[in-house]
Amino acid sequence: MLFHVEMTVNLPADMPEARAAEIKATEKAYSQKLQNEGTWRHLWRVAGSYSNVSIFDVEDNETLHHIISGLPLFPYMEIRVRPLCRHPSSVRDDDS
Amino acid sequence: MLFHVEMTVNLPADMPEARAAEIKATEKAYSQKLQNEGTWRHLWRVAGSYSNVSIFDVEDNETLHHIISGLPLFPYMEIRVRPLCRHPSSVRDDDS
Amino acid sequence: MLFHVEMTVNLPADMPEARAAEIKATEKAYSQKLQNEGTWRHLWRVAGSYSNVSIFDVEDNETLHHIISGLPLFPYMEIRVRPLCRHPSSVRDDDS
Amino acid sequence: MLFHVEMTVNLPADMPEARAAEIKATEKAYSQKLQNEGTWRHLWRVAGSYSNVSIFDVEDNETLHHIISGLPLFPYMEIRVRPLCRHPSSVRDDDS
Amino acid sequence: MLFHVEMTVNLPADMPEARAAEIKATEKAYSQKLQNEGTWRHLWRVAGSYSNVSIFDVEDNETLHHIISGLPLFPYMEIRVRPLCRHPSSVRDDDS
Amino acid sequence: MLFHVEMTVNLPADMPEARAAEIKATEKAYSQKLQNEGTWRHLWRVAGSYSNVSIFDVEDNETLHHIISGLPLFPYMEIRVRPLCRHPSSVRDDDS
Amino acid sequence: MLFHVEMTVNLPADMPEARAAEIKATEKAYSQKLQNEGTWRHLWRVAGSYSNVSIFDVEDNETLHHIISGLPLFPYMEIRVRPLCRHPSSVRDDDS
Amino acid sequence: MLFHVEMTVNLPADMPEARAAEIKATEKAYSQKLQNEGTWRHLWRVAGSYSNVSIFDVEDNETLHHIISGLPLFPYMEIRVRPLCRHPSSVRDDDS
Amino acid sequence: MLFHVEMTVNLPADMPEARAAEIKATEKAYSQKLQNEGTWRHLWRVAGSYSNVSIFDVEDNETLHHIISGLPLFPYMEIRVRPLCRHPSSVRDDDS
Amino acid sequence: MLFHVEMTVNLPADMPEARAAEIKATEKAYSQKLQNEGTWRHLWRVAGSYSNVSIFDVEDNETLHHIISGLPLFPYMEIRVRPLCRHPSSVRDDDS
């Protein structure tokens, strides 16, 4: 089941650089593990911003929330979630 | 080069059903041709709405505009475009 | 899997009353069938408006979209969907 | 009498973790007491966010305000309240 | 129990004047009956607009909805409802 | 001359409790004096929020501004002002 | 007593030109009479739009509403009203 | 050439009172000099807020920007600029 | 003097195609004359929309309004105007 | 390929002046290098604000993101990006 998730990062201006670097490194590892497992299907940077558009493939809402709220950057992000489904004009059965 | 495009359809309440059906059929053929050519990479329905989220892979802005403004439903849609690029945490070189 | 759905009805001012009455009657039957089956778990009127707040219990996004887009009033409604999950402070395992 | 309440939590970035944990624990106990008494009828997490959707069953506006303004997290939440009533298409007399 | 209600009227530009006058006359009678009964406690015009601010004193949400949705102008109004209660700094026990 | 004023309080999270209590006490005295004089005609709490809706009866805009900008909580409030006048359907000459 | 009023005109696309010209001529005469009487103190066009910014000098809210709601274009305008008063840094006692 | 400028002041809650008083005094002198020179034609307080509405009469956009960005309160204000011109219904050639 | 102007076209769904084509042709001629004269310095299409971003070089606000309000598509466009001036980091004296 | 970029700067109120001056100097050099290379085609100040409107000419979205995210002021700016293309009414083949 697919979900469309938009994330925009707002780090506090006074966060020490070392702390920011540490959170970002953990975030990257967390994200890549989920990408390799096939759960985080797509991850794009929105050009010119500190935002991404992501597609998640999860079993249910519960799992989606578990993953998103576990993101190291979660407390510093504005997040918008929309459930997706197959489009009647799509040529693919399993839109990967 | 990837673009993130959101489209929401608003057909006039007084459009004859036959006319609506005709436009939708042309739109479907137009969309599927572009999907088969690899230009319209992803097409998802946003659950519970008459909206879609799409990813286009085009050579430049010009081509993107040519494709979107040529959509049979173009005069009846609210459209938002955002340029995408590779995310530094992405595990894939060519995010398909 | 639960979804929170808000619907606001905007019937065109020039729709004949008989036509409006017919759509509303079909909508009511459609809604009550789904309520009796347990899919449309809750249905509340927002006081002072022609809007409702609903909770749906469905298998997946696909089913949710199928149900909502099948509503007789669908072409005349503004709709907002949000996926729900269990709250860590909830006292009930299956929030009915 | 039912009310639909949405709450979004925004804890200050510089609140000590121990203080945050303490407030959350008090909040949980406060919420569960009200749920067990039947006043806080439903409590759902909105997937992917630090927000909830709640249904309260209270005698009047006064009681509702007393409960919400007494929430330990009240100073840190954005809150929206909407009065509910029975929907004419509902199949249940007392929508629990 | 008090409710704060804002109403803005948007009559269709093509409604015949006689029809508009008829609806407004019925609305006036309906409103004055409720004012005389003490249910519609206050009714003010917002200067420079076709809007009003009203205070209703009703038993519950159900009654409020019954009254508002029964307004002859209901299909042509944008309406916002907010529940009120006693303010801790108010000098009056029953804010009339 | 009546004015409709909405006030929402946003105290800084790091204001010492004693300082907050002091401002609120001064605010209460200031408000009650004006209520007793008949200038601050109505004062209601919006249920579930740290907001109020107020009706002021003043001689002119100048006086209104003098009163509002003199509120001890003025620097911490979001305020919206709307001029009111008699509604043609009102049953009262002097809407108190 | 001064009020700041913004007006944006939205004439229906299907209004006959003769009807539009007639309303505009009546509006112009109405406006110039009020300007000559000193009530409509300033009237500016916002460059590039079908909007104006106006300053009215009236005795009270009632008079302001009477004037604005009497504008021939009133049913076709979006209007925003804000009460003004003397600015503490103004060099003029009567800001003309 | 006239411009309509709205300014809303937001001083940081933790700015020392002496510093705030100093900025305001400099602002007042700066503003009054420009008013006396005829550049800052009108300056009104919006009743009930820490905002003003101003009319500037300048030679060009460059001069307008120079004046506004030189305001001592510039870093603490939200500002909106709109170019004005003569209204076809105005009775005055030079709207002072 | 430069102005930044954004225009979005909304033609009524029921405008006859011949009428639309006629307006667009007149608009094109009008626009190209102004471009050739150097008044309409830049004209870009916003990709994926029926909008443009334009830069006008005019003597004053009056001239700008005269040009924009004379556009054949003016009654069907949403327009936003912002005055521009030289940027302190610009490498060009006359930004053409 | 052209992009329309709007940037609004929000420096934290407590940033030391020396630090701010340093960032601005680096930003200016960065910007001027790109202007001289022809990548940052236009740079205008929006009169009365701490904002600019820019036109970038880049090979692809990737390059655009690289440039914008490398701006010394990037962490302190609100940024909006829109892809541009040739307008059918433009008289220039390469809109410089």
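Every chain is named by a letter (A, B, C, D, E, F, G, H, I and J) in the order it is written, and numbering of its residues begins at 1.
Keep this in mind: contacts are C-beta pairs under 8 Å (C-beta built on N, C-alpha and C of every residue); 3 or more make two chains touch, one makes a residue touch a chain.
Please read these numbers as outputs of a predicted model, since none were measured by experiment.
The set of chains in contact with chain D as well as chain I is empty. Comparing contact pairs by residue number, the interface of G-I is reproduced by B-I among B-I, C-D or I-J, since over half of the pairs coincide.
In this assembly, the chain whose C-alpha centre lies farthest from chain A is G. Averaging C-alpha coordinates per chain places the centre of chain D 28 Å away from that of chain E.
With each centre defined as the average position of its C-alpha atoms, the distance from chain B to chain E rounds to 44 Å. Looking at chain B, one finds that residues 2-3, 45, 47-48, 61-62, 64-65, 81-86 touch two or more other chains. Under the touch rule stated earlier, the contacting chain pairs are A-B, A-C, A-D, A-J, B-C, B-I, B-J, C-D, C-E, D-E, D-F, E-F, E-G, F-G, F-H, G-H, G-I, H-I, H-J, I-J. Interface residues of chain E, counted against chain D in their complex, comprise 1-3, 60-62, 64-65, 81-86.
Interface residues of chain G facing chain I in the complex, by the touch rule stated above, are 11, 13-14, 45, 47-50. Chain D meets chain F in the complex at residues 3, 5, 12, 15, 61-62, 64-65, 68-69, 75-76, 79, 81. On the chain A side of its complex with chain B, the touching residues are 2, 4, 27-28, 31-32, 35-36, 42-48, 52-53, 82-92, 95-96.
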